[in-house]
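Got a structure for you, written out below as structure tokens; questions coming shortly.
By letter and in written order, the chains are A, B, C and D; residue numbering begins at 1 in each of them.
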Amino acid sequence: MIVVMDLRADEKQITNVTKSLEELGFKTHLIKGVERIVIGAIGDRKQILSSGIEVMPGVEKIVPIMKPFKLVSREVKTDNTIIRVKDFSIGGEELGIIAGPCAVESWEQLMETASLVKAAGATAIRGGTYKPRTSPYSFQGLEDEGLKLLAKAGNETGLATITEVIDEKSLDVAVEYVDIIQIGARNMQNFQLLRAVGRIEKPVLLKRGLSATIEEWLMAAEYIMSEGNYNVILCERGIRTFETYTRNTLDISAVPLIKQLSHLPVMVDPSHATGEWKLVAPLSRAAVAAGADGLLVEVHPDPVKALCDGPQSLTPDNFAELMKELIQLSELMGRKVN
Amino acid sequence: MIVVMDLRADEKQITNVTKSLEELGFKTHLIKGVERIVIGAIGDRKQILSSGIEVMPGVEKIVPIMKPFKLVSREVKTDNTIIRVKDFSIGGEELGIIAGPCAVESWEQLMETASLVKAAGATAIRGGTYKPRTSPYSFQGLEDEGLKLLAKAGNETGLATITEVIDEKSLDVAVEYVDIIQIGARNMQNFQLLRAVGRIEKPVLLKRGLSATIEEWLMAAEYIMSEGNYNVILCERGIRTFETYTRNTLDISAVPLIKQLSHLPVMVDPSHATGEWKLVAPLSRAAVAAGADGLLVEVHPDPVKALCDGPQSLTPDNFAELMKELIQLSELMGRKVN
Amino acid sequence: MIVVMDLRADEKQITNVTKSLEELGFKTHLIKGVERIVIGAIGDRKQILSSGIEVMPGVEKIVPIMKPFKLVSREVKTDNTIIRVKDFSIGGEELGIIAGPCAVESWEQLMETASLVKAAGATAIRGGTYKPRTSPYSFQGLEDEGLKLLAKAGNETGLATITEVIDEKSLDVAVEYVDIIQIGARNMQNFQLLRAVGRIEKPVLLKRGLSATIEEWLMAAEYIMSEGNYNVILCERGIRTFETYTRNTLDISAVPLIKQLSHLPVMVDPSHATGEWKLVAPLSRAAVAAGADGLLVEVHPDPVKALCDGPQSLTPDNFAELMKELIQLSELMGRKVN
Amino acid sequence: MIVVMDLRADEKQITNVTKSLEELGFKTHLIKGVERIVIGAIGDRKQILSSGIEVMPGVEKIVPIMKPFKLVSREVKTDNTIIRVKDFSIGGEELGIIAGPCAVESWEQLMETASLVKAAGATAIRGGTYKPRTSPYSFQGLEDEGLKLLAKAGNETGLATITEVIDEKSLDVAVEYVDIIQIGARNMQNFQLLRAVGRIEKPVLLKRGLSATIEEWLMAAEYIMSEGNYNVILCERGIRTFETYTRNTLDISAVPLIKQLSHLPVMVDPSHATGEWKLVAPLSRAAVAAGADGLLVEVHPDPVKALCDGPQSLTPDNFAELMKELIQLSELMGRKVN
């Protein structure tokens, strides 16, 4: 940790800051620069962040040196984390391909989608059952009924299942029915929910918040891991920017960056990232080429009639075509599709 | 609702879209432009948004005309909503000044702050008891113990009290102890929690999410009101932008804009907006000059020793000085401080 | 163009707006919705935008229907524009790979890079000669001397050459020496410079501005084309967002989106997009997989000693390795590297 | 400057970096932290930034300590810079109020506006003559003819005059006619133009770029000052964010922040910041309350007929009313309107 003193800081201010740092348990190093004094403080980052050193007279700013995350960090664990779900795994050689509708609408809609994406090579079926919707007047999901359908579709097809939970209550139910629990972008900093999924054993897919920095995202994963659940899958789904042609901006750089910073697997959701089905195939290819460990793709048997997110859903035919492209591309990347 | 057809849309596509719109209960108007066809669809916005008209062949895009919010809208209620809490009110002539520490740390710290801000003219005391922190390793608040201290401080000083809740469990406890329930920026789209505070009777202060548009923020208020609680206070606290000199960017335009769009009161939190106490006074003045109905200001008796947010906290002396400025300024604005 | 009237607009206001629209040459259609009146106006977008219809009493907002760009639009020209430079072409089957140092520093540095990138399969050599630098105290480029070196390197290797111009004066010189003229991100809305490169015949590579929307970027290309130069190559190089781990955020979605909206070729600059050489290879692959027509990559024989942008430059070895990957990937995409 | 070494950096890498730093003229300090080594490097920031230390093996990142700007910095000059133009001054007690139309359209339009804003208390008249427009098909200004009208209006009313220049050619003409030269947001990093206005003697109003950080903005001012022109006025005009209800987001915090960092005067342009005239008055008040040294406000005698920016222009009546409010408010702030 570096404490940068103000240009006009006097001797007494410098002594006071040094003394306070030492009282907090830091060892200090004084560096006299050409124009200003800088104090190197060696010790535990947590201490200094929760202190008010920054507001002491004569202090200009504090520059943290150590990254705030630990358990998620590749510095702590150098080999990739591989997460196994049913027959498939994420984070290793195999790509995880999760596909399915925005929302579970009916048994027919779900099973039709599940069979078709299974045939095309998907490894898991997704389907919203508790939907966090921007408007209180929009369709909010089939809830528990939807979970049962999802579990049944998983059993009949052999696909792993995933659904989003929105609070501890929905988590308690969902954990009984599905194989992977999803934390949506809007709940990425719902710390109570993060702790709760940290206490289960099933894998958790953690979407990046709309305006979350990569550091905040990794800290959210740290919350889950700090409670004991190490099966965390990260999922980039687009961040909020000024561009309005797309619903969000897919931060493709996050994929190789996460691979540098963390040992956790990272997937990409090209459907939510853009909101437009025509962009899903090129962005899926880009994600795999950038090194993503898998994809989360919205597929609906009849997007025109979808109860949500129709515009960003692929038809099963479009999805099957995309899968063909991905099989070749993943080979090139030394990976393989199921 | 306007459906813009593609330049190359053919007769059949146009007929199909028109037919689908009519099946959904819309009346349609065909407008033949110089270059393309546009279909005006009259009916319920909810219908078309949850449909997949946008993915029908020949459709370029859909342009919604009506705003999605209703209960929060000034079109529905033209006079300002005034919310009464204990002796004071927000949204009317009086400015609501909420001050206090980031977190309740001890009875001494809290009472010292409460007495001093009361003396300076504040109308309510704030203090975090359940803290949503970016790191699982940071101080997380005194929880229930803190709530009791807050309630006691309210009783002894006559100040109204406010604290943030982070889930239904903390809400259930807090609602017994404090006068105003705060929903923090990170929970602005925690829709389950919004519904839950929609079912209580006490006023709710709803902070804007870090990357929430004004429309999404108003829709979050709509969630609360749609459950029956009409006592919603909006609070602008800075949005996330590329600028790094300040922690967030205070969107001061949101104040007069909310006044145009909604009848709800709107406050400003200059402390979180910038993260630097030196900017709190000028931004507080700016907020009042722009028409804000009140302020939420962090004050700590000893910012250097604060367990959180020291750098953005005013000392009681700084706060007292600010209040003097605001008394004159509010008069100029036809308002008054307690 | 759609004029949305206010909920409370009265008959007279509606008549006035309709009359004004008709005086401006528009045909009007009145659509009476459930809650409000909407006026469809058919005519020339330019007219209404430069008028003040939006401020007339009773008008809530104006919604443009037509896109503002024409010459760049795929609606006007459906087949891809292919631009030929020396032996290679951009926008067709071949990928254009432009590589080279941030700045031309010396003949040795330039020729060493040029020979190595040529050997690895690049089609053009880049090198800054007039550098737009954030600080007036940074190295500003070799200027005319650099241009001569660049031209000579092009002649000796057979590579096409490209350099950035920063005003009409540097353009006048550069156009004599290099094959492609680059307009940098900071000059994307330097409209005088856009007009000037619109009057030359050589191809222009137009980088996207740091905070330019895709529409503004295409309008900048429209400026160039409106002066008669149809040889415009677009280049996505990252946009400014809140994320600080990378220098900018590569907007990969822009690639397939531009392909939908325009017939112009689009390249990607992964070096400036991230500022970190370790991310250049994965992002280069992602760009090609997303359908980009080429890449602009910084390569320096000794990044540690580079006079600018060392941290984002590949070594010639890293570049050669990347090219091997791209040869296979481009084949998969039905493209080919030189 | 702090060089943070990688967790796994070995002795040899540390020695190499230290040696390289010393060769570049830095004195080095080794700080051995709990987990990693940090090297404090004392010397000239320019050196290290233009070197490639950051890419040396074992280096994780470089943290600059010193701010990059010098001449603009309050550390260099502690008292406020006051700039005098005709009878008025900016940066001192007096507020500078610049008002007028987006574009000079005719003598009648200009003189009508000038007389009315003069009567209301403005100190200068603005009017675009060379207009940088997003579309090549929009009205581009009266150019030299407009300049003459502007000069004449200045003479007849006694108001100071200001217009935007877009390249060196327009600067050469404008400098003969007007009192203050404006650099628009889109040219904030047109470094050649910055240098050119650095060589004149007249005051320069430098608008903040749409996505410029405060540091980049101050560096642009540094460009002008480094050429010898110390009469720089900064003008905040809104930055680009995700919010779409307003055209831009006024960064009101920039006002007190600039006052801390720099001795230069800072104004606010509430018209471009929001794009909506109804927000201009509240934001003007906010700007003055936050400590701005003046305002730049668009006023048009007939906004409905304006050739550009009608929706954000005040009528002369609205402007006169705003001025009345500002007279009282500025008194409260210890300032005065002309």
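Here, contacts are C-beta pairs under 8 Å (C-beta built on N, C-alpha and C of every residue); 3 or more make two chains touch, one makes a residue touch a chain.
Just so you know, these numbers come straight off a predicted model, no measurement behind them.
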Write down the chain pair with more C-beta contact pairs when A-D is set against A-B.
A-B
Going by the average position of its CA atoms, which chain sits the greatest distance from chain B?
C
Report the inter-centroid distance (CA atoms only) between chain A and chain C in whole Å.
31
Please tell me the distance, in whole Å, between the geometric centres of chain A and chain B computed from their C-alpha atoms.
26
Suppose each chain is reduced to the average of its Cα coordinates; what separation in Å results between chain A and chain D?
38
Listed in rising order, chain C residues that touch 2 or more other chains are 211, 240-242, 244
Of all residues in chain C, which touch chain A in the complex?
211, 213-215, 239, 241-246, 249-253, 255-257, 260, 273-274, 278-279, 282-283, 285-291, 328-329, 332
Along chain C, where are the residues that touch chain B in the complex?
2, 4, 7-8, 29, 31-36, 38, 40, 42-44, 63, 65-66, 75, 240-242, 244
Complex interface listing, chain C residues touching chain D
20, 46, 49-56, 68, 132-139, 166-169, 186-187, 189-193, 195, 209-211, 216, 219, 222-223, 226, 240, 277, 302-308, 310-311, 313
